[in-house]
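Both complexes below contain subunit A, partnered by subunit B and then by subunit C.
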Partner chain A sequence: MAKVQDTSISRLAKDGLFTNNTLFIQVLGACPALATTTSAVNGLGMGLSTASILVFSNLLISLLRNFIPKQIRIAAYIVVIAGFVSILEIFLKAYIPALDKSLGLFIPLITTNCIILARAESFASKNGPLRSVLDGVFAGAGFALALFLLASVREITGSGTFMGLRIFGDEFTLKVMISPAGAFITLGILTAVFKTLTGRFAGKNTEIKETRQEEKKDIKEKEGAEN
Partner chain B sequence: MGEIFMIMLAAVLTENFIFTKFLGICPFLGVSDKPDKALGMGMALTFVMGVSSAATWLAYHFILIEFNLEHLRTIAFILIIASLVQSIEIFMKKYFRTLYESLGIFLPLMTTNCAVLGAAFIAVDNEFTLINAVIYGTFSAVGITLAIIIFAGVRERIDFSDPPAIFRGTPIALVAAGLLAMAFSGFSGIEIN
Partner chain C sequence: MSENNNINNNLAEKLSVFRTAAVLSVIAVITVSAISLLNLFAGPVIERRLLEEKREAIIKLFRGEEAVRYDDSIKFEELTEFEDLYLDFGAPVTGVFLVTDEHKLGDDKTAGYCVMTAPRGFTDSIIMLVAVNSNLTVKDTLILSMSETVGYGTKIDGDENFREQFKNKTLNIRDSRNKITPGSGENAVQIIAGATVSSKAFVRGVNAALDIVKEISVRTAEINTDTDINETGEEDNNG
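Here is the complex of A and B:
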């Protein structure tokens, strides 16, 4: 991409939260998003954990961007990320053991979350520390909000509770929403809704629109030439 | 023997990495647009996961436990996997040119594949023996390959269908994956004694 990145704060916020939302638009980080969103608390916990790692790794990678040799940069980023993940793992085990238990395997697996590496490679390695931290905050918040939304929908429809509080009657459960199948389908529907809201239809449709516009342009130009 | 068979069955069908454990979704959505590409990715993944399961198991039991460094396993495992993937790539490029040409482009992606790291953690957490760990890693990858190939077939059909405009692209693929997950949930509860 040759175009110059616009890095003003409002632009970063809009990109991170909506137009370039990591989960709904870029479909990155789908593994934890599907696995940990059985309840709103878990979804929010996972989102905030990922966001905090994203902020710290963006900061450190941005500070080190002039010292890391280009050939081994990916390996260096992974070590930085894994270091922060280990810190988070130990921190959660000590202070929030309940969350650590329910998220389980997916806390250490934040290391291989493509969002963090993608932000490091495409943003933090090219921008100053302040901008990188802001980018981390907004991209992380976008991911956390997406997870919270997905988890809320699944918890409300699946077990009839929200953040542990009963909303529907005592007997209400819809097992499929809590099951893996429900995770995929809910994410699919939310992605569709989100893409529409941000005015970005998936590939084919925009292509069709563009070609139609081009055709119209061609016709107009031809008419202009004839006149 | 029975135990090994159970591990194989669980890894491929009843606890499929993609549909029940949610590991390796990125390549699952990324390379599943063509069945032959899916097969290439799956073979590369099977090879890497088999080797990395052995390497991480050995490192955990003979280095990390020996020196009481279990809390460093995340860093240790990811470093082992990254360097392993890199050396496999170099080795293949030099000695198995044809294999490298068909699988080579998928290899760098393995480092950030959560299935590889996830299988290493699961093997350690469940206290598998070395043989069981290697079998678990290899057959989990076979399960992922199976899932990706089935899904690639489904996606080819989706390409020719006409879903509502807002569902085109990723959304309809995710819904289809959900239906596949439902089908795979039919395998849960199989037990062989």
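Here is the complex of A and C:
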């Protein structure tokens, strides 16, 4: 029997933001995450750009899921994703040129971001439009938050600024943090911290559930014995 | 019976291929139409923005940052007739503008040239503008966009002292790693430690700008001389 996906909103939110966070848990989309997170503004911009593509591509792919033949689904998804990325690129060039300039080549490269294709293939192609949009919102928000966090840590420690505002002098900064090596180090540390925290919460919840189930079992057994 | 089945299967297979191609084509057509539609509205906005950015940058170079808001005396036009020279120098040139100043006294309103170059930096091209005076000296420089390493390569924009060195320098600027001592070369600039590749790219960009302006001046002088000779010849013939 095919495994039934739990697609409740709370589950989607929990998965997208924490337990299945695309960057910290699944380690997807690491290339733009490492390259564009030199400042918090860039990280947030890249995160929100990817999230918007994720939402719209999930919506359209979900609407078209019954019309797209199985053999060409990946090609069709890529055309849809590339279309939305081109639209985003034109929009940014026209209305937010500063962001377009700072993200540069990484905007068109969103097309090849495996998070978007993964969500299209594993979720949007199997679920309705509303749930697919919500999945896009939460998975995108999780990615955007992860990028913002990564970029903030790198900007503060490497440049001594946050969102362009100076926090401390240049002499206290660790220049390596804004280099590619710093990106790997920060991602590694944040992933470890994130996994530990989410693992603990998940572990605690499991323990509580198991304890409650055991208590219920005991009560039932006692009631059975009394009867 | 089995022959009929085979024919039906073949037909179904062909229809399936046709449907697959049709679906993919429809998706592609819809996507392209959506992009074209957006481009119809956003295209002119992008063009206006790029032109405005150029205008602001050129005014900033010739009049200073404050003048951008109120100064409309600076005009510029792209010298497209010299496009064949764009790849002839140390860094690719992407545009040359003749800048005129309406407030300048006399008939010659030329304020100088503004050259857009794109030298290859550490990660990507550095898009920069170089304002060149008519006497082939650097008036000022401005970086429009770059993807250099933050904290290292980006110093070529952040470090005012670095860009200040280029002012009034002329053709063939040399880069020096050490402190420039008097006599070691008046036309030398000191590169930034930790941003060697970016600094050298910047120097290449400025040199390319000076070289192309020199070449344009020579060509313009030749054209003017030819015109004068022709006009004199015609006058003699008439006389």
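Note that in this section the second predicted complex is superposed on the first by the 194 of 227 C-alpha atoms of A that agree within 3 Å, B and C clash if a C-alpha of one lies under 4 Å from a C-alpha of the other, contacts with A are read in each partner's own complex, and residues count from 1 in each chain.
Quick note on the criterion: a contact is a pair of C-beta atoms (placed from the backbone, for glycine too) under 8 Å apart; a residue touches a chain by one contact, two chains touch by 3 or more.
As the structure is a prediction and not an experimental result, all values here were calculated from the model.
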Partner chain(s) touched by A:I185 [first = subunit B, second = subunit C, both, neither]: first
Touched partner set for A:A75, first subunit B, second subunit C, both or neither: both
First, second, both or neither for A:P97, with subunit B first and subunit C second: second
Partner chain(s) touched by A:L165 [first = subunit B, second = subunit C, both, neither]: neither
Which of subunit B and subunit C A:T173 touches, first, second, both or neither: second
Touching partner for A:L64 - first (subunit B), second (subunit C), both, neither: second
Subunit C versus subunit B, contacts on subunit A by residue: B
Contacts of A:C31 with subunit B and subunit C, given as first, second, both or neither: first
Touching partner for A:G83 - first (subunit B), second (subunit C), both, neither: both
Subunit C-contacting residues of subunit A that also contact subunit B: 75, 79, 82-83, 86, 90, 105, 179
Subunit A contact footprint on subunit B (complex, rising order): 19-26, 29, 71-75, 78-79, 82, 111-114, 116-118, 121-122, 125, 165-175, 177-179, 181-182, 184-185
Residues of subunit A defined as touching subunit B within the complex: 27-28, 30-32, 34-35, 74-75, 78-79, 82-83, 85-86, 89-90, 105, 108-109, 111-114, 117, 176, 179-185, 187-189, 191-193, 195-196, 201-205
Residues of subunit A touching subunit C in the complex: 38-39, 64, 67-69, 71-72, 75-76, 79-80, 82-83, 86-87, 90-91, 93-95, 97, 101, 104-105, 158-159, 173, 175, 178-179
Partner subunit A, residues of subunit C touching it in the complex: 16, 19-20, 23-24, 27-28, 31-32, 34-35, 38-39, 42-43, 45-46, 49, 53, 124, 145, 147, 149-152
